[in-house]
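What follows is chain A paired twice: with chain B in the first complex and chain C in the second.
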Partner chain A sequence: MGLQPINPYKRYIMVTVKINGKEITVEDNTLILDAARDAGYEIPTFCYQADLMGIGSCRMCLVEIEGQKKLQPSCVTPVLHGISILTETPTVMSARASMLEFLLANHAMDCPVCDKGGECELQDMVYKYGPHKGRHAEPKFKFHEKDYALSPVIIKNSNRCVQCMKCVRVCREVVGRNVLGALGRGDHQEPTSFFRSFLDCDADGNCIEVCPVGCFMRLPYRYKTRPWDLKGADTICPYCATGCRMVIEHRDGEVIRARAQLGVGMNSETLCARGRFGYEIINSEARLTTPLVRRQRHGTLEPATWEEAFRIIKERMPSLGGNTVGGIAGARLATEELYLFQKLMREVFKTPNVDSGSRWDAAAVEGFIAATDMAEGGVSVFDCMEADTVFVIGSQVSEENPVTEYIIRRISAGRRMNVIIAGPRAMKLDSSANLLLRHYPAAEAALLSAVILDINAAKLAASADLTAAKDAKLDGHLKAAGLTIDDVRALATKLRNSESIAIMAGTEFLRYPHGIESLNLLKELLRSLGKKVRVMPLLDRSNQRGAWEMGVHPAFGPGYVKAPAPGLGISGMLDAAADNSMDALYIAGADPAALYPDEAHVKEALSKVRFLVVQDIFLTETARLADVVLPGASFAEKDGMLTNQEGRAQIIRKLLPPPGKAKVDLDIIRALGEMYDRSFGPKNAALVLDEIRRAQPMYADVSLAFNNKRNVDNKLDNKAALVKGTKAALTIRKFEQAASGQDAQYPFMLATGNHLFHSGRLTNYSKTLNDLMKGMTVEISEEDALASGLAAGERVLVSGAGFSVTLMLTVKKGTKRGVAFIAENFDAAPVNRFFRKGKGAPRVKITKA
Partner chain B sequence: MNEGKGRFDIMELIKKVLFTDFVKGLVITFGYNVSMDSVITVKYPDEEKWIPYRRFRGLHTLNRTADGRELCVACELCSKACPTRCITVIPMEDNTGRGISDRVAKVWKVDLVRCLFCGYCEDACPTRAVRLGREYELACFDRNCAVKNREELLRPQPVPEEMSGGVVAKARLRTTPDGIEVVADLSETRKRRV
Partner chain C sequence: MLENVKEEIQATLKKYPVKKSAVMDLLRIAQREAGGHLTREAMDEIAVLLEMQPVEVNAAAKFYTMYSVARPVGRHRIWVCRNISCSLMGSDHIMKHLEQALGVKKGETTSDKKFTLDVAECLGSCGTAPMMQIDDEFYENLDAKKIDGILKGFK
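Our next item is the complex of A and B:
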């Protein structure tokens, strides 16, 4: 048949079937529904969704199979060789109409009030297939009179339910929270939370998105509009490097909804709470709408015109600044902006000092890029999920990259594979893992070294001396990581027995860079054993990878080309500033004052910079210290590109103009450059992208056309969007493990990262996201809470050396003992105060407040 | 054929000489003046005002239930159906019983400068909240006053629904700070003569 097997491990058996007389050949076990759709026939469905388990409950998809008396649900019936299927006979049509009549019998039919009206699948189906007259005259059954809130973001009206169970299934199979269930039976079955109580869940609203009718609804969007009044832009979520596709929509200039689309983007219909409800920052009152300048030395920031702000910059910022000028760009700016930013620093200000982000050391970044093979091009998460073993280390993926986590959960549940998770904190994905390793914070290096030793044990066994040395070393590592030899052996065995392995390495490696070397070593070792190893970074800022690939880094330029003379990274620049030798610093879209680990140091350093320009959308901690503040644009106000953690270059689209006098960041950067050099450019985003494409083989094929078209069979992996590989000479420096700044009188090691509902400090401006939490929290393990006589919900005092804060205690089952977690997102609990420059994971003690 | 034409021309000539058509016209005109029964002029606006039939399509009115609750559920169907897009509806939630449902209109306004009085909005309305009423004195001095909003439209119009209309009512002019108003006395009406 000329069919090439696509996956060599899978046997493809093809069968031929007839659909409405049309003969087609499909893979055996294909569902009749998919086969019919392939052949070009539409079959209506309610309960079918490609990425959920089939339940065949709604019977909308009934088809006739020649020779069989009863109609069959096509969404759960696989094809058989030679059968003839009819999808449009009068029997089928009347069955569809009857199913709809039954659904409407007890349906609330309050379309005028229902928020789903206008985009409701039930409306569409009845319009297309249904009886346009009802025969049901009896009083309708009602679950309840008034809509009830299930959470701060979900409002429920069960009277409109069609019992498709998609909400329950998405919550269980994709999100993994499993907090929804069905009460009752038959058409009295109500999918809801248990006993309709208020949900304490991930608030991601995926149940809302999959619900075909107005049963699960968005509370923040309630009674605000009709869908036809909305104007939308198909864009990318800016809150983590998963890079979910979503549509943000506004009415009269106010963004009121973000939604994901079935079969579009790698995330299909799913998003997390940040993506779905974090759009409120766009219309926040706190947005910067005008430039601010400090007219006197210790004066306040006052509104100014762009001309004045630029004049002051020109006066005080020396071109040809050389080493005393520096630039830090945030990893949320678009790729084009980041490219132009480094060009501005390098070509106009003639300084090698550029860096992106606020938290990671530049040398660590270089090592991490090398260890995770980023320069070798994009790696799709779907390819990673085809491996025998997926090893997640150094990431709280459930909170930092929720949709990546959904993908891992969903795919790993459907096939035989190992999911191994190593990390100090318990997380939701643990339930999908078949091996969990709970180690201390900052102990990734010890764990990886231990497993490397164990895999190499056979080689070392030849000599007794070596074995003894190995055992001693192994013991040391195990102690440092807080693991047993059995844990490490189990991991080594699973790795040894897998032919293909995907390592997903998170930002802990950047926070504690001594692990990078071992990560690289493990990768090389496994490759030397003949295994197919893919490495995928898990990053928490939407365009972090784009920033690095555009050369916003002191050691390399665009496309990882080594810089002729490496400059200072963020740590170097701050050290220089603290030494009084920084003349000017330009920070765009980054907030080091709030996020750099060691608050006292960063604030002192920034206040000693002779001239500080900050460009952002809010008056951040850093902006407060600035001499000139320039108002930039949010993701909804610009065209551009973001590169996600896999290396997928995806487009963001402009929906609204920036508020007030604020400007698109690209225009600000370009105008700044033009002030010194008239020819600085390119002049707009499209031209910048052209320049990037011409100059950089990695981005040569990147296209402005949207990556994914809508599809129904969940082919979500668009490989064309992945950036290409390049040759890069990156060095992995050796980092020594830094000792913790505090001693053992502080019993807890402090771990940090992004909260599930927040991304950096940006999302603090979303009221909905803030309201999801009752307060800022510190999280410890159940055992520790018990041992120290503390209970969840209590107010506790968390104190480190020189700083303490009162927080609410939360308790998590399965977290490593002796680990406390505070998210880095809260203004009132700046976790960077606990950290000390050059020291390891800080230690704290927790007492009743 | 030719003869006929000739005869016709002569008749015409005679008519013209004797001013026959002119006299006929004057008879009708004077007839109205002589007998009050056949006067069809309505002394609008000084003394009388025409009260249209129910089917008339004038200024929109937003209706309430008998117990005073707003019928409009802010479904926006009227604004969707409107061919000139002159209705703006912005919904909101209200649990105080203002409307028949917890969805009520925060904004409901119609721009009469654009309205065609086609009545599509009325047809689209699932709750019979919006009706085109019998107010037709819509002239005003600037365009803003041609935009009528919810508060105004919810006030009952002077001609009640029960009244079938098609009569001329006694009226008087009233001068208000906003301009001149014609106030009809619905208890004193007369049939219109045709």
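Our next item is the complex of A and C:
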């Protein structure tokens, strides 16, 4: 037994204790509370949470230890060999009742108007343990009269606070923002912001989720419902590849809340702003509710019936399309849909041209899959965090995968380990790192090559000639990366001194694929030195890994089985289209027109495709160019499976029917297939999953049973859900570093990625998320702002070759000089206009607007 | 506002291996400089100096009775102990007498800005209860007459 998975590097000392007369053996230093809960005894708590450091403040968990006169708080008292603990004696029960009586002495008692009423831990506990009559006749102490807003998503009533301080602790220990404080003391202690001012924070609402009472509440959800009037579905957040479990709940067809559950999923009770407040896309007015068709060439898109839309498709999309037909599926579709999509393209349209996502080059994807060992099966993030060193490179993990970041922060704070971060931009996780390497955008390759040289040089006793050659090469890499030899040596030393290393590699490797080869080389080199190396990809689309594993890729089919004749990836299809040789393109759930790095090229290419079918839930940039638009379903309207970046397969559940005439994507894909071949199938998601399991060893015995299982002791890592390894022949192509398209008169290199509040363009349809932003921004380093006389908050003109946009300037301490960042999520600032196909990171200049 | 005491702050920072640890000293300096209480601006400045969040500085200040957060005080601060020993020995009467003598309620400042009257939890002088603290001095074994004499001493 023990609360964490068994770690082979750790020595376990077991002790025997008695709990209510039952003798149990637990690991030394286990908390009495955990031991008792594991033994099956219930102990009530307010302030205890497995993820947070214990403070023992609420006194609900008091237990009796035989031989000690005073009751002890079990959440901060470790077991000792031989002690006898009693958790249900009259003394303990009366202590619990007294604690509750004290909490109620100043409690607002406004349950009838409190949003928490019906799911309040204080209510439940008083009902169960508490005094049912109060004896306090004194006037109640009040912090304030009216509730006050702390942020666009938080409304607060401190008079209900039970001083558990979970809000303050989750903000500091898990989220890392530390913007809440415990002001005052005793029952006058109020958890709030600096002078109750409006917070400028991550708006993730984790303080709301951990609050046991109605002190921190969701502002958008306020007074909308009682919890028992909600209908919910236990599902997966669709906004990044972390794969957080959450429950979305609706009342009368309108989704009004998303929440995480303690002890369920790898995220337990945490979510980020996107997950917790991004549900508004489901009921958005802008949803597509009917098929649209363009009846005349260059005409407008007009509403049509499904029959008409399908008839047009059948007329204009040749069934034996071969090379002139292609399909692109978005990495947000469910695994079953992606499987059927590639089957449709390959078996019905007989085309090898199939790809997923809108941004990455297919060959880069293949190399990345190989370099990150994805074909070898799932890698748990919790296993990665057991390593001596975690090396994060090529990812803005704080913004792209916030909950993965919470896990890294929380676990690394509690154990002795290295956290190394390499990237151009400063980010929140930096405070958890003990080594930071600030390199230029697209310079991952140079950094990795430099560290490989340094490790190799130490390995081989080289001759003077070799050393000179090595030094010259090293200098080149250092210059390209903008690093010093000390940076690289520090990294090399940390890697050399670690027995186990986890590399977390992000999407920058896909954006600038010349780094993939070095990533793979470093992995192999470290393994050759006898180190245990795990690689985990950090991805930004919820089912990106599932899409690849289902073979939505031109070079391989489901399970990474090499395709007999490789087809064209997205870049190839766009090139062919621009060349007037694409007859038809079917794009489902992807928006290349908005996201492919080179807007002019992608729009020209898409407009030259003779027949373009787009299936999506909104009228995206791509859908606007289509001949036929098919309305699909959001994640809340379908059953299916998503595979997260770790390779953890998890299921999403249907909460609502799709709006209007919209249909579930699986049904659309199947109906399309049936139009050409009546036997096309399987016919529903469950049967598709059966077929996937039969055909693919990776998914054959993946367990999906974890869903809906609450585990009180925080065993969050369900390894049975990880996909298995397979034999795959993947090649890592050599990519040359592309030169930037602009010259030195543009002093900034442009970096891009997802904003903390957004995922692609999808979340733009959530009003709450949009309201969190004061405007679209460009971010530069403090030093650059000072040098160019610009101040944060100013309007600035960002111009590159051929495109310029006015944005608000934000300034970040610790970002590499000469780096500017614009998020790729904003319709009004299409960052892909700065990019040119075949060129490296674009350069821009920034001037006062 | 901490500009005038830059050198004192630098000297203070040198005393601590971790910057954050200087928070109480800096709060004391800031309170002195502002004439007895802590302003929001001062705590903001301290947060920047110590690389902390302003709310952490605020939380530290709010914890201790000797800091007065965003509340101007008189030249002298009176804390009347109200914990068990003092309560049993009549701290309620002491407080009532002080309120009458000064013409203010607990938590208020006299109109001549001379005294601010507060309560405190145990000040650690139970053997000499009831007691109070004025500025840095303890006044023990109090009764009404003794208090009148003490107050007269503050001219």
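Quick note on the criterion: the second predicted complex is superposed on the first by the 835 of 849 C-alpha atoms of A that agree within 3 Å, B and C clash if a C-alpha of one lies under 4 Å from a C-alpha of the other, contacts with A are read in each partner's own complex, and residues count from 1 in each chain.
What we mean here is this: contacts are C-beta pairs under 8 Å (C-beta built on N, C-alpha and C of every residue); 3 or more make two chains touch, one makes a residue touch a chain.
Note that the structure is a prediction, hence the values are computed from the model and not measured.
*Asks:* After superposition on the shared chain, which partner residues are touched by A:620: those of chain B (first), chain C (second), both, or neither?
*Replies:* neither
*Asks:* Touch test for A:195: chain B only (first), chain C only (second), both, or neither?
*Replies:* In the superposed model, A:195 contacts chain C only, not chain B.
*Asks:* Give one of first, second, both or neither to describe whether A:159 is in contact with chain B, with chain C, with both, or with none.
*Replies:* Once the two structures are laid over each other on A, A:159 reaches no partner at all.
*Asks:* Please work out whether A:544 is in contact with chain B alone, chain C alone, both, or neither, and reply first, second, both or neither.
*Replies:* In the superposition, A:544 touches no partner, neither chain B nor chain C.
*Asks:* Which partner does A:184 reach: the first (chain B), the second (chain C), both, or neither?
*Replies:* A:184 sits against chain C, while chain B stays out of touch.
*Asks:* Both chain B and chain C contact which residues of chain A?
*Replies:* Looking at chain A, the two contact sets are disjoint.
*Asks:* What does chain B use to touch chain A in their complex?
*Replies:* 73-77, 80, 90-93, 101-103, 126-127
*Asks:* Spell out the residues on chain A that touch chain B in their complex, using ranges where they run on.
*Replies:* 110-113, 117, 146-147, 222-226, 228-229
*Asks:* For the complex, give me every residue of chain A touching chain C.
*Replies:* Residues of chain A touching chain C: 178-185, 192-195.
*Asks:* Which residues of chain C touch chain A in the complex?
*Replies:* 40, 43-44, 53-56, 58-59, 62-63, 70
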